[in-house]
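Following: one structure in C-alpha cells, then a few remarks.
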Amino acid sequence: MADLASLSDAIAELVHDGDVVALEGFTHLIPVAAGHEIIRQGRRDLTLVRMTPDIVYDQLIGAGCARKLIFSWGGNPGVGSLHRFRDAVQHGWPVPLEIEEHSHAGMANRYVAGASGLPFAVLRGYLGTDLPNVTDTIKPITCPFTGETLTAVPAINPDVAIVHAQRADRAGNVQMWGLVGVQKEAVLAARGSLVTVEEVVDELEPVPGGMVLPSWAVDLVAEVPGGAHPSYAQGYSERDNAYYAAWDPISRDRGEFERWVERVRSGDEVRT
Amino acid sequence: MADLASLSDAIAELVHDGDVVALEGFTHLIPVAAGHEIIRQGRRDLTLVRMTPDIVYDQLIGAGCARKLIFSWGGNPGVGSLHRFRDAVQHGWPVPLEIEEHSHAGMANRYVAGASGLPFAVLRGYLGTDLPNVTDTIKPITCPFTGETLTAVPAINPDVAIVHAQRADRAGNVQMWGLVGVQKEAVLAARGSLVTVEEVVDELEPVPGGMVLPSWAVDLVAEVPGGAHPSYAQGYSERDNAYYAAWDPISRDRGEFERWVERVRSGDEVRT
Amino acid sequence: MTAHDYTADEMMSVAAARALSGGQRCFVGIGLPSTAANLARRTHAPDLVLIYESGTLGSKPDRLPASIGDGILAETADAVISVPEVFNYWLQPGRIDVGFLGAAQLDKFGNINTTVIGDDYANPKVRLPGAGGAPEIAANCHEVYVVVRQSKRSFVDQVDFVTSFGHGRGNGERDRLGLRGAGPTLVITDLGVFRPDPDSHELVLTGVHPGVTVEQVREATGWELRVADDVATTPAPTSDELAVLRALKEAS
Amino acid sequence: MTAHDYTADEMMSVAAARALSGGQRCFVGIGLPSTAANLARRTHAPDLVLIYESGTLGSKPDRLPASIGDGILAETADAVISVPEVFNYWLQPGRIDVGFLGAAQLDKFGNINTTVIGDDYANPKVRLPGAGGAPEIAANCHEVYVVVRQSKRSFVDQVDFVTSFGHGRGNGERDRLGLRGAGPTLVITDLGVFRPDPDSHELVLTGVHPGVTVEQVREATGWELRVADDVATTPAPTSDELAVLRALKEAS
C-alpha cells in the first residue's frame, strides 16, 4: 500500500544517483515540484525518460542531474526550444548528455510493454525514417502468422516513475482526470513510484473521465498543492503560459540559468 | 458517421451468411436481442467470436447459425454448461461446430491487435498448457532485444462486431459504463459494427467510468431497450438470474430448444 | 459444535478463506474461489484486495457475486478497467499475490483441466467450459490456490488436458519453463489440504478436515497418495465463520 | 481587399484551412496545422473531427490551444483517451483521413525533418525538438498535408534527417516500403501550394498566393523547382475567414 510522505523524503527515498527516472505528464499534470526537489537534492547521472521533456527537464539537465535522455519530443511547448537541453547536447554543458530518441508512438508502446511485463512492444512505426539509424532500440520483427515485417521497441522499466495527480485518499489510492497521457503506464512500468497530488482527501468522489490507481500499485504519495505548476491540474489550476514564456530568456543564458538554479537550491524559487 | 437504424435493418445490412461475427459483452451489456434477430433472419455458416460465449451463443449455435466458434470460455454463468454448444461439438447437431480455443488473455490480446491494426499480439501465455497442441493460432515469438521466447496470437478482425451500450446521441456517438469488457476493442477491430443501445438521447451527459465511442467509429446504432436481457445494462436494468437458470432445461432438450427457436422466429419470444 | 453443524462444502470454503491473509492481492475465479475469498474479506482479512477478470480492482461485494460480471463487483471496486487491461497491466506483470482457481480435474502435480474430459480433444467425453483466465492466472500470480471438490474422477494422476499449468510432471519443470509464479502451493478440497512436495512437486496430503480419515482421502484420490508425516486436522468452522458464509450466500 | 489587409502567414493558414472538408478526421499537429484546422472547423467545415496526440477525439476549442495539451482540448472533446490508445487504436489502424503536420525542414519529396540541422546527428548545427507523433502520423493517415513557412533553408533538396517519411526519394518508394497512407499530398506555404507529381512524387508548384510570383517561389526553394503547367492563384482570404482567424488567435 502507498505511504504518504513529504516531497523531500519521497525523493530522498526513491531517487538515487544513476537511476532511470521518468517524470511523466503530457502537458497536463507535469510533476514539476518533484523535479525541482531532485535538483535541490543534487542527484547526478540520472537517465531521464519522458515522451515530452519540457522545461522541468531543461532545468534538470541544466542543473547537471542527467547523463542521458530518452525521449520523443523536447521543447518548450508554445514557446520554442529547450536551450539547456541544446547546450548539453551540442556543447556538453554542464555535463554531456547522451540521447536515445524515439517517436511518440514508440515511446508510448515502450511504456505499455513495461507496464505489461513484456520485454518489447510491436508497432507500425519508424519505417523509412532515419531514427533506426541513430537509435539502436528500434528493430524489425516478423509476424509469425502473416510474415509481415513490423517494428519492435524494448520495454521501458524505470527505476522510479513520478507523476502528478489531482488527489489521493488517505489510503493512498490516486485519482486523476483530464488528459492522462501515459502516466498510468509509467507508474505500472516502474519499479518504484511517487505520485504528487493537489490534495489528500477522505474519500475519492467518482469523476467523469477519472482514473484510479489503487494504493497497492503506488509506493509513495506526497501532497504538493500546485506541484504541477507551471503546467496545470484540471479542476485545480490553469496553465501558467507566462511562466513558459519567461523560461525562454532564463534558459538561453547560462548565467541567468545558474542564478535560477541557486534560487531553487536555496528554496527561494517562487512557485506561482 | 453512424446511422440510426432498426435492429432488423441493421442485422440485414451488416450480417451475411459466412461472416465472422463477434457479439461481445463480458456478462454485462450482452447484445442478446441482436443475437435473436440473427436467428430470426436465419443466418448460416457464421464464424462466431466471443471471449465468453454464453446463452445467446448457445441459442445461435443451436439454431444452426454457426459453423465455427472462436472463444476462451463457454458456459451458462452461475448455472452450468451450454448444452446446445456441447451437442454441436460432441454430436454435430444441428450442424457440426468447429472450435478455435484460446485463453481470455489470448482472446483479449487478439482483439487488441485487431483494434490496433497489427497482425498479431504478444503475451506471456499458454506456456506449458495443451492449448497450443490443439489451436494453431498460438505460436512462439522471440524478443529481438532479450532473446526471450514469448507467445504470439493473430489479430481478430471480425466482419462485424455487435455490442450493447447504455445510450447514444442522435449523431450516433455511443456511451457505455460499468464493466466494458473488450467491447471497444471488438468494435475497433471489426470492419463493420452495430451498437444496440438502451436509449437514444439528445445529449450524452458525462458519467463516471463512462467511455465514448465516437460516431465515426461505428457503422450503425439501433435503439433496443432491454436489448441486453437477460444480462443487464448498469443504470438501466438488473441481471435476470432466473432466465439463466430457466435456460438450462430448455438447452438440455432438443425438442424444448426447437420450440424455443420457433417462438423466436415467430417473434413471440417474450423479452422480460 | 459438532460435525453436523456444517457441510463439507462449508468446511472447504472456510479452510480456503483462512489461507488468505489481509493486504494480499487475490485474483478470484468465480464459484468456490469467489466464495472463499469473499468470506476471508468479511472475516479475518478485511483489506484483502479482490481482483476479478471482468475488470474490477478491489471489489468489496456484500453478497456473493452471481457471475464474474455481477454489477456489484464494478459498483464496489476501487477501479473498473477493460478486460485487456486487467490481463495485460495487472495480471501479466506479476502484480497479483494469489490466483484462486477452481478445477474440473486436478492432477497429482497440480495441473488443472477445465477443457475436455476424455483423451480425444476433437471427440471429448465431456466438453467443459474452457480456459477462461485460468492459464495466465496460474502462470503469472505469485502463487496459486486451488479449491475443488475431491473425488477419484476429479483428482487424477494426470489430467486429460492441461488447461492451466501447475507443476507439469514435477521435479522443477515449472522453473525450467520460465514461469514466473510458484504455481499451485495449496489445494483445498472438501476432505483436506494438499501441498506440493518442495522437490518433486507432487501434491502431498498435509491436513484433513474434522471427521475425515486419511483413508477416506486416499479413496477419493486417483493416484497413490503421499501423506505428510504430520497430518494436521483443520479446526472446525467457527460459528462466526459459518454465520458470515451463510449470510453471504443468502444475500445472493 | 488588398494584399496589405492580411499577412502571408494568414494567407497560409486560410489556404491550409480550405484544404480540409467537413466530416474528415484530422490528426492535428500543434502550431500552424492547429491554427488551420481550427479555422476550417469555425468556417466551412464545422463537422471536421479534430484529433490531438494528447488523447482527444473530436476537440471543439473556441480559441487556439496554447499547446498540444491545452485543457480546452480535453474539455470540449467527444472522448479523452490515453496517449498509448490514441496512437495504437486510432492512428495506427488508418482511421484518420488527414494528418496535418508542420516541418522545420521539408524536402523535394515531402520528407520532413524536425530532428537535427546538419549532417552529423551527434554534433548537430541545430538540435530540433524531435519526432513527436509525426513519423506515425505521416505513415498511417490516409494522406498528409504539410504547412510550413518557406525559405531556401526550410525547403531543401534533401532533408538532413528523415524524421517523418514522405515519398523517400520518390518514384513509388513509399508504396514499396508498404506504408499504408498516401503520404504528403499537399504542401501549403506562405508563398504557394505544392503537390507531388503522380509518378515521380517530386513536389510541384501548383499554386501561388495573391501577389506572389513563381520566381519568388523559386528563390525560396532549395532545389530546381518544377512548376505545373497551370499555376492557380489562391483566392485571397475573405473578410469572414480573416475575422474568424483573428478572433481565434485573440482569444488565446
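Think of it as A, B, C and D in the order they're written, each chain with its own count starting at 1.
Here, a contact is a pair of C-beta atoms (placed from the backbone, for glycine too) under 8 Å apart; a residue touches a chain by one contact, two chains touch by 3 or more.
Nothing here was measured: the structure is a model prediction, and the numbers come from that model.
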{"item": "Distance in touch steps, counted as few as possible, from subunit C out to subunit D", "value": "2"}
{"item": "Contacts common to subunit A and subunit B (chain labels)", "value": "C, D"}
{"item": "A-D or B-D - the one linked by more C-beta pairs in contact", "value": "A-D"}
{"item": "Intercentroid distance (Cα basis), subunit C paired with subunit A, Å", "value": "40"}
{"item": "Subunit B and subunit C, separation of their C-alpha mean positions in angstrom", "value": "28"}
{"item": "Of all residues in subunit D, the ones touching two or more other chains", "value": "88, 92, 140"}
{"item": "Subunit A residues counted as touching two or more neighbouring chains", "value": "117-118, 123-124, 148, 184-185, 209"}
{"item": "Chain-to-chain touches, reported pairwise for every pair that qualifies", "value": "A-B, A-C, A-D, B-C, B-D"}
{"item": "Residues on subunit D engaged by subunit A in the complex (per definition of touch)", "value": "30, 53-56, 66-71, 73-75, 80, 82-84, 87-88, 91-92, 115, 121, 123-124, 126-136, 139-140, 161-165, 168, 173-174, 177-180"}
{"item": "List of subunit B residues in touch with subunit D within their complex", "value": "1, 115-118, 173, 184-185, 188, 211-214, 216-217"}
{"item": "Subunit A contact footprint on subunit B (complex, rising order)", "value": "117-124, 137, 139-141, 143-146, 148, 150, 152, 154, 206-210"}
{"item": "Touch list for subunit B against partner subunit C, complex", "value": "26-28, 51-52, 71-75, 77-78, 81, 85-86, 89-90, 101-105, 108-109, 111-112, 123-131, 134, 148, 178-182, 184-185, 209, 231-232, 234, 238-239, 241"}
{"item": "Interfacial residue positions of subunit C with respect to subunit A in the complex", "value": "23, 25, 49, 57-58, 78-79, 88-89, 92-95, 140"}
